[in-house]
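Here chain A shows up in two complexes: once beside chain B, once beside chain C.
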Partner chain A sequence: MEVMLSVIIGSMIVAAIAAIHARDLLSAIIAQGFVGYGLVICFVMLRAPDLAIVQIVVETITLVIMVAVVLDSSRKELETVIDRRQVATTGMSLLFLVLLLFFFNRAIGSLARFGDHTLRMSEAYVTGAAEQTGSINLVTGVLWDFRGYDTLGEATVLFTAAIGVLTIIRLEGKK
Partner chain B sequence: MRGMSVIVKKIAQLMSSLIFVYGIYIITHGHLTPGGGFAGGALVAGAFILLILANGSEYVRLKRQEEGSSLIESIAVLSALVLATVGLAAGSLVFFNNWLPGGIPGQLISAGTIPLYNIFIGMEVAAALITIFLALVIYKEEISK
Partner chain C sequence: MTVFILCFALFLVGVHGVLTRRNLIKVVISLTIMEFSIFLMLALVGYVSMGEAPVLGSDLVVPQLVVDPLPQAMVLTAIVIALATNAMLLTIAVRLYKKYGTFDIRRINELKG
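For the complex of A and B:
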């Protein structure tokens, strides 16, 4: 499974780079959709169907909205000129990439093996959550019983996002 | 935003009802099967977005729709908060206390307050996504005037 995951994640990285450098904005959106649906396959393979359902629905809705926006406006990417500043930023990001890869390579030895977990808290959830909450689906039980505050925060984030969009984008307002 | 051809409109009418019912199923069975309020709410919003995209912006009275969806969003968040606060009064003094009787695990009506939270959050997510989409569509209509 690790080999399959590595192949999928590698092609997702390639698609993300292609999305950044595409000349046509529509093909950039399609490459970005490849990233999202690859993530769905990763979630299914790692046995997280709850996350996979959310990801596939949200990915489809955002793709539809972005395709509508691109078809209504322009399909062309803006022309960029290569100057000294861009060379400097590219050099800096390459430097940080090498540094991060070096430290990840050193840190990977102290991690647990793929598939093992080191959290003591999750044992109690896995064994006792179904009896304590009465919910067969452990994810929902944890979300709405043990971690109620977190889920309330997530709902508040979406609520705030809707209010922000209404505040910024409505020109005339409600008279 | 103009509507699409007759074929697209008819297919969208047929499919959106199925998507809507599937979203309701995902929300109400959130404590039994994978999914829950967030996934089901996004599915319900997808059904409405499909209808609006296929039929164009003349299909719905956009401003009335936007007012209704933002009202539903606020009411859903408020009722989830009220339900969590009732846990303080009933039983032990714990916010988000699961104060309803648990029932038999595996049945549709079980797990205390968890299905109610799922329903409220499903309403909230669906209404928030529809509100954002409608705000974008109305913005474009007002720009092109």
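For the complex of A and C:
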């Protein structure tokens, strides 16, 4: 199980690196799609069917939007120039990576081993959700009943973003 | 432990892309990769080995070992919000391209007005 997951996540990392360094934006988007659908397989293996379904739908929509954007503009990647700024950003990124690695190293100690998770917080959700909410899918029960306000906020964000996209596309702009 | 480390490596790839790429579309792709790694991390933390998916049968009997439904509910919310922010970012990128004729963030920075 853990080995299979490691193989899939490893190939996702390779695809992510390919996406970041691709010479053509269309191939970068396709490599990013590989990462997204690999995530779907990981969710299925981690026993999260709802997440897998939502991720398939969302990933497909994102890919369609990205392909539309790239075909509407330019798909050439800018050529890399090695100048002072490029060196500075690369150095800064390496610094960030080392810093994040340090904090990750400190944080990983407090995590339980993979697969050893104990249901401390969601014990009541698991045992009582079916009777209290009438939903046999516990995730839906949590999402729509116990955390209903979260879902309301999510819908608000979604519609605000939709209004924002419409507004930005329709703007005339200074010539 | 390996899966946590690999998941963190995926996050680092995203951070590297956001910091070093000059193309706006590449920056959006890197942000998406970072989001994916965080979803994966939450799903990994909630996994219980040999646990079953948090869906009961019609007799409402809770199985012996269930995967934690709470991180899954949170990731479900986060995935939809990630879609919304991605669509917004891409729209802004398209507008910038229509105005300046390039995805290069440095040239956009220089061309004021």
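By our rule, the second predicted complex is superposed on the first by the 162 of 175 C-alpha atoms of A that agree within 3 Å, B and C clash if a C-alpha of one lies under 4 Å from a C-alpha of the other, contacts with A are read in each partner's own complex, and residues count from 1 in each chain.
Just so we're on the same page, a residue touches a chain if its C-beta (ideal position, glycine included) is under 8 Å from a C-beta of that chain, and two chains touch if they have at least 3 such contacts.
None of these values were measured; they are calculated from a predicted model.
Applying the stated contact rule after C-alpha superposition, one finds that A:V70 touches chain C and leaves chain B untouched.
In the superposed model, A:L99 makes contact with neither chain B nor chain C.
Of the two partner chains placed by superposition, only chain C is touched by A:I13; chain B is not. Once chain A of one complex is fitted onto chain A of the other, the partner contacts of A:L5 are limited to chain C, with no touch recorded for chain B. Counting the residues of chain A that each partner touches, chain B and chain C differ, and the larger count belongs to C. After overlaying the two complexes on the shared chain, residue contacts for A:L46 are found with chain C alone; chain B is out of touch. By the document's definition of touching, of the two partners only chain C reaches A:D150; chain B does not.
Legend: residue contacts after superposition of the two complexes on their common chain; A:L119 is shown touching chain C, with no touch to chain B.
In the superposed model, A:R170 makes contact with chain B only, not with chain C.
Of the two partner chains placed by the overlay, only chain B lies in contact with A:T60; chain C stays clear of it.
Common to the chain B and chain C contact sets on chain A are residues 49-50, 54, 58, 61, 65, 69, 72, 130-131, 136-137, 139, 141, 143, 151, 154, 158, 161-162, 165, 169, 171, 174. Within the complex formed with chain A, the chain C residues making contact are 1-17, 19-23, 25-26, 28-30, 32-33, 36, 39-40, 43-49, 51-58, 60, 62, 66-70, 72-77, 79-88, 90-95, 97-99, 102-104, 106, 113. Of all residues in chain A, those touching chain C in their complex are 1-2, 5-6, 9-10, 12-13, 16-17, 19-20, 25, 28-29, 32, 35-36, 39, 42-43, 46-51, 54-55, 58, 61-62, 65-66, 69-70, 72-74, 77-78, 85-86, 89-90, 92-93, 96-97, 100-101, 104, 108, 111-117, 119, 121-122, 125-127, 129-131, 136-139, 141-143, 147, 150-151, 154, 157-158, 160-162, 164-165, 168-169, 171, 173-174. On chain A, the positions that touch chain B within their shared complex are 49-50, 52-54, 57-58, 60-61, 64-65, 68-69, 72, 130-131, 133-137, 139-141, 143-145, 148-149, 151-152, 154-156, 158-159, 161-162, 165-166, 169-172, 174. Listed in rising order, the residues of chain B touching chain A in the complex are 1, 26, 30-36, 38-39, 42-43, 45-46, 49, 53, 67, 70, 73-74, 77, 80-81, 84, 95-96, 98, 102-103, 105-106, 110-114, 117-118, 121, 124-125, 127-129, 131-133, 135-136, 138-140, 142-143.
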